[in-house]
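Two complexes, one shared chain (chain A), two partners (chain B, chain C).
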Partner chain A sequence: MSIIIPVAVVSGLGLFFGIGLAYASKVFAVKVDERIEKVREFLPGANCGACGFSGCDGLAEAIVNEGVSPGKCPVNSKEGINAIAELMGIDEGEVSQMVARVICQGTWTKADMKYEYQGVQDCHAANQLGGGMSQCYYGCIGLGSCQRACPFDAIELKNGLARIIPEKCKGCGMCVAECPKGIIRLVPVLTGFTVLCANQDKGGVARKNCKVACIGCMKCQKVCPAGAITVENNLARIDHEKCENCGKCAEVCPQSTIHDAMHERFPMD
Partner chain B sequence: MKLFKGGVHPPQQKNTAEKATVPMGVPSVVLIPLAQHLGAPCQPKVKKGDTVKVGQVIGDTDAYVSAPIHSSVSGTVTRVEPVVLSGSRPVMCVEIKPDGLQEISEEVKPPVVDSRESFLAAIRASGLTGLGGAAFPTHVKLNPPKGTKVDTLIINAAECEPYITSDYRECLENTQGIIEGILHVLKWTGIEKALIGIEQNKPEAIKMLKQAVSNIPSITVHALPTRYPQGAEKTLIYTLTGREVPSGKLPADVGCIVMNVASVAFVASYLKTGMPLVKKRVTVDGSAVRNPQNVEVPIGTLLKEVFDFCGGFKSEPGKVIMGGPMMGVSQYSLDLPVLKHTNALLALDADEGRIPEETACIRCGRCVRACPMRLLPLELDRLVKTQQFEEAQRFHLMDCIECGCCVYACPAKRLMVQSIRIGKDYIRRNAKK
Partner chain C sequence: MKELFVILIGAMFIENFVLSKFLGICPFLGVSKKSSTALGMSGAVVFVNTLASAATWAVNEFLLKPNDLEYLQTIAFILVIAALVQFVEIVLKKLVPPLYKALGIYLPLITTNCAVLGSALLNVERNYTFLQAVFFGFSAGLGFTMALILFSAIRERLETCDIPETFKGMPITLIAASLVSIAFVGFAGLVIQ
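Presenting the complex of A and B:
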């Protein structure tokens, strides 16, 4: 008999709070735009932060509530971006997938060392001491700050040089922001022949410091049938709008600085 | 006198204290960077092929926080181009091939000083920056923002870094010059009193300075306990006045201006002769140097010529440091120049120059006890290494004075100061964006 009272009291309390909660959940409900959930499903979900928002949820909210462009996510696939654009009823236009490229081939064997670096293994730290330990001021320091910044494990490091693994790279640009030398660039994934050097020293100095440096010899500029190559500040630059990917520049380059970055990866020995 | 918290006692190594300063002759070439101060770099005022004379302005700018650059030799400009020095960015440099005549420029004449404004203008024209090592333009320091009341001038002769004796030699060889300089600064800035702070390990200099100020009531000499970093600006102010510079504030905010002893001595010599800052007393020492001594070096002289002047190397140097062993900057090449604020050049042999391998933090807290700024170096190190920069700022990362006490005290040989520097660099970069 004594069991009945506690059972009744607890059931009563349960009923009371149950009704209270049910009422509160209806009256005080926060209205969530269901589109946010759907947009979120089309985002990659890596929470890399490359869009500038707090992860994919943040971007999904911003796309729906603040009208941020679906293309803001640099990682997302073309299909994903178009799906979001359709959901939001806007036209995103032509979307091009981006990929990061390290524009340096100067490993320890190719570019001479200025000094032996001891200390914290971080590119920014080494950069504070004479701009890094490579003789080439413009080149890769090779202590892997970009590798640690990459949320997709898409950067390999060997012999003091970083290289992007294109299959893994989503083009989020985290490494671009991290590199103290600014030698990682985001380019459309279909970009072919590229000058893999950032050295602006005069030819002789550049050649002395690094075996694969652009020496500004103008051979590529002369041979290019599309007129896509210009040499400025002792450094060749290919205009990818005009480039026809014929590969003549790579053939004549005496320093093997120009490579078809879409189809081959530069050596790291 | 108050004692600051923390600090360490590294071996003093004042090997060159009893050796009189030797002036160095005209070097075979000088390379003069146009940014030798905190603030905006100067623009070159000469071009390749120009003839220059001693004391001629070769770089200047309109920016307020800056100081002009003068030629330290007479000769011909052979190169004006950016050179990568020990910092992270190339600096515009003027290379001059001396003709050996050392002709003095017509621009060099004693300045006319009759007011505070003309005094500050003269200080700027002299090219003076803080000679203790921070290279902050002196005319800016002596002109604190309106509304701050400065009542104390502190003269820093502590020289707490191991090896360095250049300030000590200044005290012995130019005692009168120092006192004259202090009186000039007091007179034109309207500051009432000056305190000279000097570590107890320099009894000779204390005696001479005390003698020199015996009948000048506005200047007093204070012997300080020997402990690194006694000569750091904030610890020195605390020891001498008991005032604490708050986080993110300047000494002027607590009514103090701190000047290095060599800087005030230069003020006196400039007002007398009009010769701008073109040479510097530098302590050359270290286990790899054959003949350690104090040398008066023309600014822009390449390090190799300075070491050659001191008898060259006994053994292959493993590390060359500009400044003291605690706060100095490693130099990657001997082809880099002596700067205005260079107070020492150390060449350590390969064994001494090697950094021991970093091991795991055992959380013993010795760095915390050693930190004179009352920070938690082990936490700052961890926060920077795990990229938690905002959290690190909450732990007052920016207040670190990079004195190196934590690293010196650390039994695990952790490179905390370098981590902190990375953190500061990151925060400054992101603040600019």
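Presenting the complex of A and C:
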């Protein structure tokens, strides 16, 4: 008979807690917007975190509660974004697809080496040793930190230069955050002529260090009919809002730094 | 006051839950990869450990002891802690959303953690009073926090080290953990009177 008391005590505890929890969940119920779940269904569900939230659930909550744009998810398909926008009753506007681009052409043959690096095969580690082994302080280190960060396998390494494969790139921006040199940028897919260099050294120094560096010669600025090119800090920059993709800048560039990045996939080959 | 201080130093250093008693090793290895997650987890452990110590002390004192059912402690405590954490989660979600968000996933994660159960059982074993028990739970949580933060810092540094291929990942983590644990053996000789 003595077994009855312990059984009663434990099952009593269980029952008490069970009822208590059931009651508490009613009393302290938090209203959850049912749209959150629906929005969540239209998100990819990869939980990559590229949107800056804690995952797809986090973004869904932010879209519903904080009015974050449905296009915040860079990986989502156009249909998904439209469906969310419709659900939220807002105009999705021009949610353009983004793609990552490496703003450097300095392969091993183009840019000279400062030293031979034999440490950990990681760009961050190499960057701590005098800013990497390339003579160019601004250029790609080429040890593939971005490649390892890419969840879509869209980056290839060739001759010490990282390159984005546009067909595979979803524009999630993981590589942008990873690159210690900050030379990977997210640009709209339709961006054409681009200055593929980040070097801000004076012309002579830049030319000595890398055969394809922008030397800030101003030729492109002078020839541009749309006035879309400005040279600042010895580096040309194309304003893609103004650019008409005429290609005159690429013709006059003495260093072949400017390329139609949309059509010429890997101009340095 | 003095005995509380002894409990604090004891729980944090001399018998640190993770490094000397080897309780709560799972979160110790699981979430110590980054300092930020380690902090979140530690916060949740301190919080739950303190509350669970209070609740289990009451259950033991008013339910188990009068009925001579002390041998049911383990199973009853598991029940109490699990229900308590669930309850706290529901209440926090409603009343203190910022704290709920800060503790996040870590709160349910430690529901059935052995560190929490361990401090509840140790409280009983040592016949602590209510205040002592709660303070012991809190101090044990602090000790856990210290161990986790120390170790996450070590692991963050390990990330950039040139580790032999064979030892990469878990092996080097376990070796590092054992070294930290050995370091804490040094506190074993500490006697506070």
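Assume the second predicted complex is superposed on the first by the 224 of 269 C-alpha atoms of A that agree within 3 Å, B and C clash if a C-alpha of one lies under 4 Å from a C-alpha of the other, contacts with A are read in each partner's own complex, and residues count from 1 in each chain.
In this text, a residue touches a chain if its C-beta (ideal position, glycine included) is under 8 Å from a C-beta of that chain, and two chains touch if they have at least 3 such contacts.
Computed from a predicted structure; not experimentally measured.
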Report for A:Phe17: first if it touches chain B alone, second if chain C alone, otherwise both or neither.
second
Examine A:Phe28 and indicate which partner it touches, taking first as chain B and second as chain C; both and neither are also allowed.
second
Which of chain B and chain C A:Val9 touches, first, second, both or neither
second
For A:Lys114, select first, second, both or neither according to whether it touches chain B, chain C, the two together, or no partner.
first
Could you say whether A:Gly131 touches chain B, chain C, both of them, or neither, answering first, second, both or neither?
first
So in the superposed three-chain picture, is A:Ile165 touching just chain B, just chain C, both, or none of them (first/second/both/neither)?
neither
Counting only touches as set out at the top, which of chain B and chain C does A:Pro180 meet: first, second, both, neither?
first
Footprint intersection on chain A (chain B / chain C) at 119-120, 122, 124-125
Give the list of chain A residues in touch with chain B in this complex.
114-115, 118-120, 122, 124-125, 127-131, 133, 137, 180
Name, in rising order, each residue of chain B that touches chain A in their complex.
84-90, 329-333, 354-355, 415, 418-419, 421-422, 425-426
Contact residues on chain C for chain A in the complex?
59, 63-64, 67, 69, 72, 75-76, 79-80, 83, 86-87, 90-91, 93-95, 160-162
Can you list the residues on chain A that touch chain C in the complex?
5-6, 9-10, 13-14, 17, 20-21, 24-25, 28-30, 119-120, 122, 124-125
